[in-house]
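See the structures that follow.
Look for chain A in each of the two complexes below; its partner is chain B in the first and chain C in the second.
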Partner chain A sequence: MDVFRSCLAVPGNNPAMLLKSSSLGADVSMLDLEDGVAPTEKDAARLLLKHTLKTLDFSPSKVFVRINSLDTLGKEDLKAIVPCSPYAIIIPKVETAEQIAQVVEIVERYEPKDKPQIRFMPVIETARGLANVFSVADSSKRIVAISLGGEDFLASIGSKRSRERKELFFARSMMVTAAAAAGIIAIDTPVIDVDDQQGLVEDATFSAEMGFTGKICINPRQVGTVNRIFSPSATEIKWAKRIIKAMREHEENNSGVFSLDGKMVDLPIALQAEKIMYLVRNYGLDREGLS
Partner chain B sequence: MINRVGKEVPDYIEGWGTVNHFAGAFQTQPVNMRRHAALVKSVGPKDSKVINNLKDLFRTIPVKDGMTLGFHHGLRNGDFVINQVVETAAELGIKGLKIATSGIFPIHDGLIRHIKNGVITEFDVNGMIGAVANAVSEGILSKPVVIRTHGGRARAIECGDLKIDVAFIASPTADTYGNINGTEGPSACGSLGYSFPDSDFADYVVAVTDNLLDHPLARISIRQDRVDYVVKVDRIGDPKGINTGIMKITREPLQLIIAEQAARVADALGLIKEGYSFQTGAGGVPLAFTSFVAQMMEQRKLTASFAVGGITSLIVDMLEKGLLRTIFDVQSFDVKAIESMGKNVNHIEMGASFYANPFTSGCIVNRLDNCILGALEIDTGFNVNVITGVDGRIMTGIGGNPDTAAGSKIAMVVGNLLRGRIPVVVDKVHTVCTPGETIDILVTEKGVAVNPGRQDLIDKLKEARIPLKNIHEQRALVEKMVGKMQPPKTTDRVVAIVEYRDGTVIDVIRQVKV
Partner chain C sequence: MKKPVSTAQAGTLESNDISIIVSPGEPGKGIVIELESVVFDQFGQLIFEEIRKTVEDQGVTDVYIKANDRGALNCTVAARTLTALARAGVALKEEVL
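What follows is the complex of A and B.
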């Protein structure tokens, strides 16, 4: 399963930001052709991204490209970008599984056969999209994550944004549940006020507790906080290591369910510990000396 | 010949003479060398030192054709004194002057007129920015400009290599008997450290001030027994160009990432400890580095021993919070640093020789644990260029970069891999200012490169799981991003000599083709 915490939006028409983006600590560089680019700059951004993807090495970030919706310039974007084999395509304003099938068809036409298959991350931004989120999440093997576009979603249901974001509670619950049902991850909507670090901490903590794996960042200053909050803590890592060590010892002795520190260790606990260590390996936390 | 840092330097340079080639950071030592002596004078009880204007002063000394006039750059881009003095020389028909200053700034752009009319024929500097630098790069002068390090200038003055006939000291405050300080007055700039060698070794020393007070000053930086004349002028400088308010930490994410990584490196190497000594500077990454180090020291209840060099409000904050015992200040970069030097007894003004002169009984950079340096270019041999741009033109100054690199236990170059779209890590730097043998570590946004000569540091950083990316990998990475820059087109004519701190020639700058 693909996992990532921070997904940093980088305007596709900004060469300086494109150069820097892979060094800003984000797990995903989300190169944007959609809302982050002015209508008069769309063609320039598409051309720039096409050449950038052929030239720049974005590692250790994974490259996701957010195209325009298919009913606007999305098809043109796919024609230009898919041959460059980004790690994933972000499909905005998805409302139905049929839209995903349309994208699959175009991607298959232009995708290089000798490169890894391009993944998808659909974005749910409307009431209709949320109503169909289970079928969308399950509509293609290429889908590795689903994401919530909170601002557009609130507009579509006629709600207003509060600092506590209680108005998004149902949508967020639907997203994490649909993602879990499809065996993929859910990425949360960004915090718009980039100067509100405390708000970011509170919102990201809440979304991590709900089950989101990561969050869209609209400013590089948000990346460090998001990475920290969506990473297992040192205490969790220590706990997971102890559980796994104890499990292995008990497996050798065929002793089945056992207890550690007076608490029973059963399959869900073991899976939780393994998930933590999976995240540790994926996020390089062992390299950073936290494990 | 090809010298020790791989640069082709002629054995003889017109306007300079026979070249003593750079032989290694500590290879050239003083042998039977003595300090130069200034002219001895006597001022009697009834004599006055105050002279009404610069013209009268010129006639009194007298200032003649071919003399060397010394200045300091404490007023930075707000300095009026060099312009006023050269204008006076021009009005009196004086020709062939050498301007020996620690810095030329854009405010001095008007000097080009006086180069063209023959008033100025030579420069001896630590750095040049602006139109004069550009004109020098294009070959306006017949004799090459000498670019010395801060410590090297002090050494050259003390040893008599740079003989200053008259030192004009821009003095934010002076009294009628020649005592000077830099912390008071409308043009306060803080430390006057770069003018200390001039005041000790020039034949004549003149305080040029716009804040003349009765004798004696309460706070004395340069003493009356070293100052021959005091001249009151309307203004010596423009405060807007002198200081920069209170320096703030950058919000640029990449710079913060680099600074944080550099602080982690310093910590992994065991530098962040009780008694840590450091020089950081005033750029975006160095300021942020200082902030991260201050946080670490505060959390661990540690106190640094001393900080040196150009001083900022962040360093003063450390002193005032008890995180730092002593500041040695050769240049005060902002208002808070200027104020602090006037009030904190352990914020000590130091001269350029105390700071970095290699031919003394011990300069303070020798006691540094760590320095944080910038670079316009760094090559795969860790040689650093801080003077010339990608077009081969002189852009800025050498400053104390080679001095602190040589002195400190760990010299770290920090910064982005790219300046705009110009690569910073290259095969060969255009101008070698600081030899690679004195640079230990490079920290960029892509990783940490350690000089292969420092296996001990590589081992420690690996053990601390700091992500290492060697300098060849970083060069390859940046080349892949923006391609390889074409070397600048130059003629064979030498327009500037880059002197290492020990007086040897480490590189030359050739005339750019226009």
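What follows is the complex of A and C.
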């Protein structure tokens, strides 16, 4: 399973930000051809991104490109970007599994055969999209994550945004449940007020507790906070290591369920510990000395 | 050979970008490039060559190009040149789209 915490949105028509994006600590550089680009500059952004992807190495960030929706400029975006083999394509305003099938068909036409298969991250931004979210999430093996576009979603249901975001609770619950059922991850909607660091901490903590593995960042200042909150803590890592060590010892003795510090350790606990260590390996937290 | 039919611009004067203005040139004059750059002494020749190569690859001639560079990489120079050409009415080759 692919995992990532911070997805930093980078306007696709800004060469300086494209250059800097991979050095800002985000797990994903989300290079944007959609809302982050003025309508009159879409042609320029597409050509700039195409040439930049052929030239620059964005590692250690993974490159995700957000295209325009298929009913606008999405097909032209795919034709330009797919041959450059980004790690993933972000598909906006997805409402049905049929839309994913359409993207698969176009990607297969332009995808280099000698490069890794391009993944997808559909974005759910409407009531209809949310109603169909599991069928979307489960519609292609290419889909590694789904993301919630909170602002557009609220507009589609006629709701207003509050600082506490209680109006998004149902949508967020649907997203994490659908993602888990499809065996992929869910990435949460961004915090729009980039000056509200406390709001970001509270919102990201809540979404991590709900089961999201990461969050869109719309400003580099949000990346560090998001990475920290969506990473296992040093205490959790220590706990997971002890569980796994004890589990292996009991496996050797064929003793099944056992207890550690007076608490029963069964399969769900073991899976939780393994998930933490999977994140530790993926995020390089061992190397950073946090475990 | 293709020629631009109007004057058009692409790019910005922000850091790491380049502004390219493409206009129809005088018949028979070929590709004429006027360049200003914050790194003219170090990279001026490379920028000239990148613009010229990009224009030639599209089979365009008799074109006047005014470029104002703010430290753009070659990939940015090429992308902005292509965008300006397309906006000036040049049908770009399929492989660059």
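Going forward, the second predicted complex is superposed on the first by the 291 of 291 C-alpha atoms of A that agree within 3 Å, B and C clash if a C-alpha of one lies under 4 Å from a C-alpha of the other, contacts with A are read in each partner's own complex, and residues count from 1 in each chain.
We adopt the following convention: a contact is a pair of C-beta atoms (placed from the backbone, for glycine too) under 8 Å apart; a residue touches a chain by one contact, two chains touch by 3 or more.
What you see is a predicted model, and the numbers here were worked out from it, not measured in a lab.
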item: Chain C versus chain B on the shared chain A, clash or fit after superposition; value: fit
item: Touching partner for A:G183 - first (chain B), second (chain C), both, neither; value: neither
item: Which of chain B and chain C A:L19 touches, first, second, both or neither; value: both
item: First, second, both or neither for A:P112, with chain B first and chain C second; value: neither
item: Chain B versus chain C as contact partner of A:T55, first or second or both or neither; value: both
item: Angle at chain A between chain B and chain C, C-alpha centres, nearest 10 degrees; value: 60
item: After fitting on chain A: smallest Cα gap, chain B-chain C, Å; value: 5
item: Chain B/chain C common contact set on chain A; value: 15-16, 19, 55-56
item: Chain A residues touching chain B - in the complex, by the definition given at the top; value: 15-16, 19-20, 23-25, 55-57, 219-221, 223, 287-289
item: Contacting residues of chain B [partner chain A, same complex]; value: 251, 253-254, 257, 418, 420-421, 445-446, 464-465, 467, 477, 480-481
item: Of chain A, residues touching chain C in the complex; value: 14-16, 19, 43-44, 47-48, 50-52, 54-56, 76, 79-80
item: Residue ranges of chain C touching chain A (in the complex, touch as defined); value: 10-11, 14-17, 72-76, 78-80, 82-83, 86-87, 96-97
